[in-house]
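Shared chain: subunit A. Partners: subunit B in the first complex, subunit C in the second.
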Partner chain A sequence: MASAFAVPPSPPAITPLLAPDRANGAALRAALAYVVGGLGTFLLLGLLGLLMRLDQGGLIVIPAAWFYRIMTLHGAGMVATILLAALGGLAAAVSATTHLNARVLWIALILQLTGTSFVILTTLVGGFGAGWTVLYPLPGHGDIWPLSAAIAMYVGYLFLALGLLVYCLHMLYALARAHGGLTNVLALRYLFSFGRDTRRTLPRPPELIAAVISIDGIAAAAAGIVYLIPMFAHAAGVTSVDALFAKNAVLLFGHTMANLSIYVTAGLVYAALPSFTGRPWRTTWAVVCAWDLIIILMLANYSHHLYADFAQPLGLQLLGELGSYAVALPSFIVTVVGALTQIYRSGIRWTIAPTLLLLGIWGWVLGGIGAVLDATIPVNQVMHNTMWVPAHFHTYYLLGAVAFAWGYLFYMVRELTADRNPRMLRVAAWMYGIGGAGFIFMLFVAGGNSVPRRYAVHLPQWQVYARIAVPFVILLALGLAWFSWDLGTRFLAAWRGTQSAASEP
Partner chain B sequence: MIEPKVILDIFIILGVIWTAGCALVVARSGRAIPLEQLEGAEARLRMGLLGGLGAGAIVLFFLTLHWLPYANTRRAELGSPAVTVAAMGMQWTWILSRHQVPADVPVEFTVTTRDVNHDFAIYDANGRLLTQVQAMPGYTNRLVYAFHVPGTYTVRCLEYCGLGHHMMTAPLTVTARPK
Partner chain C sequence: MTVAPGPSGFVWEWEWELPLLASLVVSEVAYVACWFRGGLAPQHAHLAWKHLAAFTAGLVIIVIALASPIGANDERLLSMHMVAHDLLIWVAAPLLVMGGVPLLGDTIRLPRYLRRALELLTSPIVALLVSTSLLWVWHAPAAFDRALASESVHVVEHLCFLIGYLLYWWPLVVQPEAIGRLRGHLARAVYLVVGMMQSALLSALIMFHGTVLYTTYLHVPGATLDSALADQRLAGALMWYPGAVIFALAAALAIRENRTSPLAGSTVSTRQRDHEKAAAARTDPVQ
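So, the complex of A and B:
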């Protein structure tokens, strides 16, 4: 058998972001709109997070009804906008070698923004506050929000699911057309021949990853629609819904949506890091195996959210635990070790983009440690729905996926403007990292002290954790403000950098 | 039972090890060498991690089977329940069939809800979460637990259930077993 780590037949060159003659300029403009729109909304939603921590620390008082509306908007909005930024980055990376139809990307973006608008309006204006998980039957039992607000939330989610579906279907179509079929994009012959069948050129890692997450994205969108149809029927008074079925469906949707962000942005590391280390990141058998496995493993472990639902069949509970352990292995062993190998003795110059990419690797694994602990059933018994849960997902969101996305945006701007990112910006990255780490560490400490999550009012003995976190959140916000200021001054130049030579004056 | 603070300690230890590993790589990121020189070491590292972490995960999985919180496992560990408490959640209160239970005997809580999902979570007097189960519409979940320290405990809702979620508590008193 050939070595699993043998050098594969993929071209070893480092692919520039801009295709020859800027042929992918239109797709890059759409991608920039995704990334900037996603990260811009992330900034506003982050301020809502600061408000909630100020309230939980007893430093300001937010009425409970408003706290839960803000909590709902913060949660739903973050899942949608971080995924939006991630999908934009991935479209940019794929477009360098694969033709993507910019019009379809814009349609998917408009659908996603329409969905996000519904979420914003129904929470801030409609009074909806059932949490981003819209867990049946709470949306219909709010007492303080009308049924129409719940329906508007469902409509928002429907648009988000449709936007994701359009994006993923187009991505799969474009990749399959470029590589002569889906099996070639997933390198299945190469995988099952243990690296011996090298007759076809392998996809670049971002292309492979885009195919993998598009398949899971379609599954997530389908799960969302499967959940929403009975919700609409229930709202119309047509039928009641089994609570256990509803919980499984909505968590399969929500869990996969959240996980897509981290896996998509991990794909951005494959695309961007080699340009800083000067080392190509090849599509090895290990990379193919790891990412093809993710297709199944990402979907298999959602049931770890239901350990406390004792009515759930035991087999699904155990699958949740095993699946959670299993999904961590390929990510860590292949992507994380691969990224660290890229960096080790590479002579890398630590500008802001690679600094943020490394921060993302660190935060992803740190959040993963918290997640794997919580995915262990006896541990979950004393951690479920405590602050440990937001602790671990904020870690791999804020210090993982979002750090990857900001890092990739700085990489895009550098590539499109041929302008080096200022060295001083590394200070902003450190502010982001230290602020973020202090913020999430206090969430973990609160979780270790059994503080419940999703409480508008914290007991006096719980407030200390939020109070200590607040200065760290402010440091984080200052770092983000610095990012935004710098990118704001260079964005137009980057946008112009996507335009073809013919359209230039 | 597992102590939440021990889990926090484990997390901190693993986090420090991981951070040290990252710092080491950054410290050695200068002085470029060809990637080919690292490929053998990388492959060995990956195989070592696959073997070590894979074996660790399998061992951990089988160990946890003995500590499952589900009724059958708890009954096998603690014995048949001597006391049953019916608990019903509703926005935003708990209705318990009794508020006193004896120490050192298995107690079975039959937990359900009249409206939306709730989570029946028992905290001790020190604010430590001991055990929990979801209250689900249309289902009755059975939670078996034995208290060993007499005193006042608090039932909290840990599944977000609307405006009064954070106020949804009930007292539970554990009395010393008569000698």
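So, the complex of A and C:
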């Protein structure tokens, strides 16, 4: 009798990025556009982050109205662009074995870029500064921006939600078609038989993760649309809105979008790391169980942002706390232990891609610890409005998701150009890691000392944390500039590497 | 017949102007004649009902934009003026290209001077620059107010928009083998996004501007500073939001896996192959 952790019938070989005859070339080109577009915008939005930190350190002076515009653009833009890069990476990984329609990927990308353009113009031209959470009723009642700016922001979010919806629906359809149904992509029979039912070929881990992410993406997009409909109605003067309902809906949308980008990029590790270690990453029962659980747990943890709302039902508060704990455990343990098992005595060459992937693992773990602390109700009561919260999500993003995404992009370029990443480039990865860690550490220290978040003007005694962080941010920026320079010189070759003689020009 | 609007009411009458109507009718008659003849170069043209429908629909949209209550009120309300511009550049222009270009037949076989001129004007960078420049220059307050003050300048303004956006849509809409056709998903996506971004920026500048940009609208009977400003905000939104939807739709239609004509949904290549097969069969001595 097969044990719960018996070797499953998943394809044992390491799947190359390029399918035979470059059949996935068109999808890979769309995926490259996602990743490069996402990470390119990330660089620009990162500069806005540097401006805010310089302001908080008292080194430059940004008028408060402009600070909040920049903060809104930085926050909303980062969630959107990192998710964009993550979705591109996932499409590339899945396209190696599953037919994805490049046209649909491009349409979803253009919808996302349209949404992003709305956010940029609304903040920079329209003066909108209510924060990326656009929490009701502030957007409609801000004294320093017109109602039309709030409406334009909502329209931008609507396009972002539609783009995500198109991508997720297509991904789910393609996977279900390739595997003969959704239950097979999620390996539900294998899961509920505790690994005994091995009659069907299991999906590769990136395919399983893509299905999980797509289901949550559809739920998040639906929540976004549910939030936006009463917001439009309110802007038109039709009705008043229940503020608590609005906050629940917008955080289910926004928090899940943020979570998605982190979990999608973690999924990229499953696709890329085996090609460096030479060991296939099998779809074990533990992997299936952990990722299938994510479907529910990722949707349950958003309400840890509502602990301060006394009107929120206690059940939802507890669900937020338990969901936050539970979402961390399966994916962390399986992914982190799996990655370390992959690396252990594999003889891996530490070029830039695996270095960044490993950095991402540690960033994810450290960000997760910060998040679990913040999700604990008594801690949250004290820390939620301090710099502790930006510290934890910056760890998740900068050292986790973004490191994964850059690592995956370097992996893609290596695969498509058949050209090894230069060894010296590892120095840039160290600069990125040390710069990022120093910058984030000072956010944690500031949070630990109760420095409030979302303040445009910092008291002199708070400024020291930001001042210490600035050299680290500059080191981080130099590392990123090195990444960009190197990729810029090799990108065209990678693009050509996707094209076969018969492919679309 | 021009109707002087009341102080606050919306004019529900059409503004029929003879030169406009005459030029549209002549265009339609000329198009239909050429269409029945099989195009300007019949041996290479492959015209279908959808081309006739697209061209006719383009002309009807021009009538709606300029002669309907939308056009009739464009000197009273900036928002109506923007709707008229939207219809001209985002609906009428692509429809006219879709229906009109196949009339030329195989553009590669056009006379050399005409081909060179087309290659230059419809190259994506030139088309983008021309359409963007015309859109921005005419929305400068001085130029816009001048157009509102003089009927002939107003006509020139609309012609500029139409010509600029005939060029803009050309690389996306024309049949696969035509001159100026933009190839590759990335190129088409970038072209669409740049086109969308520049018009979105202009719309946002109009929408969020704190004062009335086009002062003519302050002198409309019954207008106040607040009403003119609210109208300006609405005008910006009417240029921005439908524009984004149009570009998203255009992306859905223009980015395709195969080489068939995008927005037109044309199967010109297949038709051409059939046509060539039939021609070959006619000349085949064995048959």
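By our rule, the second predicted complex is superposed on the first by the 498 of 505 C-alpha atoms of A that agree within 3 Å, B and C clash if a C-alpha of one lies under 4 Å from a C-alpha of the other, contacts with A are read in each partner's own complex, and residues count from 1 in each chain.
Here is the rule we use: a residue touches a chain if its C-beta (ideal position, glycine included) is under 8 Å from a C-beta of that chain, and two chains touch if they have at least 3 such contacts.
A quick note: this is a predicted structure, and the numbers were derived from the prediction, not measured.
S.K.: Check whether A:Tyr173 is in contact with subunit B, with subunit C, with both or with neither, and answer first, second, both or neither.
M.R.: neither
S.K.: Would you sort A:Tyr455 into first (subunit B), second (subunit C), both or neither based on which partner it touches?
M.R.: In the superposed model, A:Tyr455 contacts subunit B only, not subunit C.
S.K.: Looking only at contacts as defined up top, I'd like to know whether subunit B or subunit C touches more of subunit A.
M.R.: B
S.K.: Classify the contacts of A:Phe444 with the two partner chains as first (subunit B alone), second (subunit C alone), both, or neither.
M.R.: A:Phe444 sits against subunit B, while subunit C stays out of touch.
S.K.: Considering only touches as defined above, state whether A:Thr376 meets subunit B (first), subunit C (second), both or neither.
M.R.: first
S.K.: Can you tell me which positions in subunit B touch subunit A when the two form their complex?
M.R.: Residue list for subunit B touching subunit A: 1-5, 7-11, 14-15, 18-19, 21-22, 25-26, 28-33, 35, 38-39, 42-43, 45-46, 49-50, 53-54, 57, 60-61, 64, 67-71, 91, 115-117, 119, 121, 123, 127-134, 136-139, 141-143, 156, 158-167.
S.K.: Enumerate the contact residues on subunit A facing subunit C in the complex.
M.R.: The touching residues are 26, 29-30, 33, 101-103, 106-107, 109-111, 113-114, 117-118, 121-122, 125-127, 146, 148-149, 151-152, 155, 159, 504-505.
S.K.: Which positions of subunit A touch subunit B when the two form their complex?
M.R.: 3-5, 7, 64-65, 68, 129-131, 133, 135, 137-138, 141-144, 242-244, 247, 278-280, 286, 307-311, 314, 317-318, 321-322, 325-326, 328-329, 332-334, 337-338, 340-348, 350, 358, 361-362, 365-366, 369-370, 373, 376-379, 381-386, 388, 444-445, 447-450, 452-457, 461
S.K.: Hey, which residues of subunit C end up touching subunit A in the complex?
M.R.: 183-186, 189, 192-193, 196-197, 200-201, 204-205, 207-208, 233, 236-237, 240-241, 244, 247-248, 251-252, 255-257, 259
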